[in-house]
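Each chain carries a letter (A, B, C and D) given by its place in the written order, and its residues are counted from 1.
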Amino acid sequence: MIIVMQPEAREAEIAAVEAKIRSHGLEVHVSRGTERTLIGAVGDERRLDPEMFDPMPGVERSMHILKPYKLVAREWHKASSVVDAGGVPIGGADVQVIAGPCSVETVPQMDTAAAGVAAAGARLMRGGAFKPRTSPYAFQGKGVEGLTMLKDAAKGHGLPIVTELMDVRMLDTFLEHEVDVIQIGTRNMQNFDLLKEVGTVDVPVVLKRGMSATISEWLMAAEYIAAGGNHRIILCERGIRTYETAYRNVLDVTAVAVLKKETHLPVIVDPSHAGGKAWMVPALSCAAVAAGADGLLIEVHPCPAEAWCDADQALAIDEFAALMDRLDAIARAIGRRVDRRVATSVTPAAPIAPDAKEAA
Amino acid sequence: MIIVMQPEAREAEIAAVEAKIRSHGLEVHVSRGTERTLIGAVGDERRLDPEMFDPMPGVERSMHILKPYKLVAREWHKASSVVDAGGVPIGGADVQVIAGPCSVETVPQMDTAAAGVAAAGARLMRGGAFKPRTSPYAFQGKGVEGLTMLKDAAKGHGLPIVTELMDVRMLDTFLEHEVDVIQIGTRNMQNFDLLKEVGTVDVPVVLKRGMSATISEWLMAAEYIAAGGNHRIILCERGIRTYETAYRNVLDVTAVAVLKKETHLPVIVDPSHAGGKAWMVPALSCAAVAAGADGLLIEVHPCPAEAWCDADQALAIDEFAALMDRLDAIARAIGRRVDRRVATSVTPAAPIAPDAKEAA
Amino acid sequence: MIIVMQPEAREAEIAAVEAKIRSHGLEVHVSRGTERTLIGAVGDERRLDPEMFDPMPGVERSMHILKPYKLVAREWHKASSVVDAGGVPIGGADVQVIAGPCSVETVPQMDTAAAGVAAAGARLMRGGAFKPRTSPYAFQGKGVEGLTMLKDAAKGHGLPIVTELMDVRMLDTFLEHEVDVIQIGTRNMQNFDLLKEVGTVDVPVVLKRGMSATISEWLMAAEYIAAGGNHRIILCERGIRTYETAYRNVLDVTAVAVLKKETHLPVIVDPSHAGGKAWMVPALSCAAVAAGADGLLIEVHPCPAEAWCDADQALAIDEFAALMDRLDAIARAIGRRVDRRVATSVTPAAPIAPDAKEAA
Amino acid sequence: MIIVMQPEAREAEIAAVEAKIRSHGLEVHVSRGTERTLIGAVGDERRLDPEMFDPMPGVERSMHILKPYKLVAREWHKASSVVDAGGVPIGGADVQVIAGPCSVETVPQMDTAAAGVAAAGARLMRGGAFKPRTSPYAFQGKGVEGLTMLKDAAKGHGLPIVTELMDVRMLDTFLEHEVDVIQIGTRNMQNFDLLKEVGTVDVPVVLKRGMSATISEWLMAAEYIAAGGNHRIILCERGIRTYETAYRNVLDVTAVAVLKKETHLPVIVDPSHAGGKAWMVPALSCAAVAAGADGLLIEVHPCPAEAWCDADQALAIDEFAALMDRLDAIARAIGRRVDRRVATSVTPAAPIAPDAKEAA
């Protein structure tokens, strides 16, 4: 950490800053420039925080030199982590696609969806049983009954399931229903009690980016989960909020490139929520894979116009199947491929990337 | 709701839209313009949603005419609501100030803070026992012990308390500790399960704006609480996230003016989190009161530089006392005053605005 | 245009709105709903503006139904426009790459750059002679001398040139120096006098998106140029400003997909300014082509670390050559290819897309 | 400037950075920490830029310690500057109000407006002769004829005029028409050629903030003007662009407080463009004065509903007069007052703040 002193800072003020640094067990390095004196704290600067120094007399500002995250940082864990998601490796050589409807509605809807996405090559199935809705008057999801419907439909086609956990009190129920991957939604990215709880279980977590979360905040949210002992974390970019009103969110492909450098965790993209319209999904999906995403989370519905929520962003099954072909071509252009092996059992697949191993 | 058809929409597509509107119990009004056909849905449009129509063939886009909130809307409840916060009326003629430290630390710290803010004229005391921290390694608050410390210190000076609830499982504990006002923090503004729970109790709620929440989303979050039966809601603007990096957030005074028009609920402002620096607090506090805020939520600490969190944004007690004088002058310039009656008991004060009444 | 009346609007107020619509030559269509009366203006609504109606008594708000742009809208010009940029077709079947240094520095630098980018397959060369710099103390470009250096270097390798015009008084000089494509920079996207002037010449214009311009504002800026008679417009997405601080801008690939639907004009992407770091350029370039961009504008420098401006975002020539191979693979995955025909003369190339034709 | 080296940076890479610093005439100070080596550049760091070091091998990132602006910085010019605007002191003890219509329309409109705003106590008059409009089809202003109309109307009531310059070629015309204060609009804040030109004349400049400009970019734009020799600069906050759609812009009162600390230049606020609706103007004006603004720029029209542009944001004359009373009360609450001396001549008023002096 560097503390920048004000131009007229007095010696006693400089000494007080030095003393505070030393009281936290770090060493001090002073540099007297022509316009400012800088005080460097040498040691584990994660014990310090700018707010410790900024209010002190004579201090202009202070700043961290190191990033605040550690367990999730590639700096400390060079190899990419591959997360085993119900037998499907995410973060390895292959691009994985998770697909399914926004919300669980009926048994026939779920069966048709499961059959369709499996046939098109998706390796996991998504579906919301608990729905975070802006309006208290909107459909809130089928609840526990929906978990059963999702699990049954997906199991019939050999697909592990991904579904959103909103309320910490439902975690046990998720485990009882054998949810393969727990999704933390964008509105709960900084619901720290929820993060702490999913940090204690041995189930992979898809952590969606908050709708205006910085990369640093997002990785710190992942750090909460990892600090609890659960390292099976998959980051999911889903578009950020900006001033633009012509579309719902702006898909941030730069984040994909930056995350692959900053963290060893897998990064997937949700193109459906990013754009908010089905016709945008193919272009955004292709862009995500081209930018280096390890997977996609795509909304697919047997009959989009009749969907109970987010109807205008779901792909029909035939549209999804056509997209899978195009995505595979994009993946191959950058030396990867879309994993479309038809699941024949629920036995975990053999690792695809021989040299990749899950974060321990 | 208005559905705008595409230029080449066919008659069958128009008919399908009409049928869908009627199936929800509304009537249809068609207007054929020179470039577009518009279909109006006449009736309670809250039963409809753009996503029902946008994916239909021939539809260009659809849009609500009415606002989505109802219980919290001034359109349906003309008189301003005055919320009784532990005997202190918020939303009436007087401006109320809530003050105290960011986090509960020690018994002496809390006693000194309570004495100081009460003497300066604050009518309620704030303090965090459970702290939402970006880093899992940062101080997370004193927890339940902190609730006791806060309540004891405040009670000694006749101050009702305001403190943040993060985890739905702690609600009963909050009630047992006689928390007078429950605060929902910025990161939980769309934690819908939490909103539903505080909607079931008879305790006032301060609902902070999400760090990039729109006015509409914020009022819909309040609608969640109201829909549960709890109408004792106080909105708190605390700065929004923008592209600017010279300060932490941008205090949105326009929101204050807009909310006073859109909703009957009281609106207060947190100038401490908005700017992030103690030296900005006086200017932002004055601006908030001048813009029409019904109250302020200010961080005050006996010794800011030693505070365990947000040290650089807390006012010292003497700074706070000086600010209270200035705020009262600003309030009087617009025909209000800052309520600084020294609390002599915990008996609810007589209503100040005779014609104001709390939302039922 | 739709005018929404307030719930208690009186008949006289409704009549006044109707009269105002008719006074502009449009017809009126009134729809009386259960909660609001809506007044539709039937006819060419571009003669009307919300600000004409919003201040009238009894009006709640008013809104356009149609988009404000016309000449650049795909609605009125279905076929994609192909712009002839010094003999290179932009907007046709092939993806075109424009490359070169941020600023013109020296004759050897320009010659090496021109040779390198031509050999790697770029069809046009970029280079700044006039530089918009945040600081008045920073290098402001070589000026007119730089135009000559750029033209000479590029001509030697059969490359048309693209360079930025900042000052309306320099337009004649640009024409004299045979600038093949005029670039309007992000800070001048709404410099309307400059737009009007380049609208009067017969030279293609690359119009960069303002750093926080909406799609609508951007297309209206293009409409300014088209309204002057110059339809040879190429839109260039270069990243937008958001709250994120981990990188300079957020490359908005959603904009590419939306623009291809909204306008017939070609859309290219500048991945160098978007991310601000050379190591991000490959991922962003691939994402842009995968999303449907018609071309790229990439900064390439013979020795990036020695560049006089934006040194940290330029690719070295060998990095650029490697990227070109990958881009071509991505383009082929979506049925296109990168046009890398070595230019043998300055004779305009034959059109590649037989059915495409330039906007007249 | 501090250069942070990568964890594995080699000695030769450290030496190369040191050599580069020394080659620019600064000294080097190296600090070897436990996780990173830091290299400090001691001397006038304005000669250096992060982009000089970031692309060098072994460098992680580099950052300025000092602010990039100098002439406009309070650090180097402690006393607040008072700018003489046609005889009216801006930036002194009194708050000044500039008022008038959005655009110059007719002689009677201007005369009525001038009489009204002067009677209400405005000391300067605004009015646009050249209008920056998003659409090429919208009214573009009366042009030179409008300048004459504005000057004549204002002169009749002893009011200096403020009007926007868009095109550098019109500067001489502005001088011939005795424009007292030149306004640079939000879209031209980084039109560097325009800034350079107004830097050469001896006329005060109101520099509006770009619609998504940072404080630093804004002060650097002012630095452009000052670097040309013209120190008579008035900064004008006018709302910034955010994600919020319930109002046009977010008035950034935090900017007012921050600017008063960072620069010695006067800061005024345009509440009309900030909110975009007349009913918001009083609340925003009060907030601005309470936050410490030195003046306001308010749109006033004899008949707002008939205004040719921005009709929904102009105050009527009686509304403006009522607001002036309220503003004066707010100003007095913080120890200032609104200067409402009726102008009896065009002779410059005596300085109000005896100790204030204009920036030389």
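Just so it is clear, a residue touches a chain if its C-beta (ideal position, glycine included) is under 8 Å from a C-beta of that chain, and two chains touch if they have at least 3 such contacts.
Note that the coordinates shown come from a computational prediction; the quantities given were computed from them, not determined experimentally.
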item: Touching both chain B and chain D (chains); value: A, C
item: Label of the chain whose CA centroid is most distant from the centroid of chain B; value: C
item: Cα-centroid distance, chain A relative to chain D, in whole angstrom; value: 41
item: Chain A and chain B: spacing of chain centres that average the CA atoms, whole Å; value: 28
item: Mean-CA-position distance for chain C and chain A (Å); value: 32
item: Set of chain C residues in contact with two or more other chains; value: 212, 241-243, 245
item: Residue ranges of chain A touching chain D (in the complex, touch as defined); value: 2, 4, 7, 29, 31, 33-36, 38, 40, 42-44, 63, 65-66, 75, 212, 241-243, 245
item: Touching residues on chain D, where the partner in the complex is chain C; value: 46, 49-52, 54-56, 68, 132-138, 166-169, 187-188, 190-193, 196, 211-212, 217, 220, 223-224, 227, 241, 277-278, 304-305, 307, 309-312, 314
item: Residues of chain A defined as touching chain C within the complex; value: 212, 214-216, 239-240, 242-247, 249-258, 261, 274-275, 279-280, 283-284, 286-292, 326, 329-330, 332-334
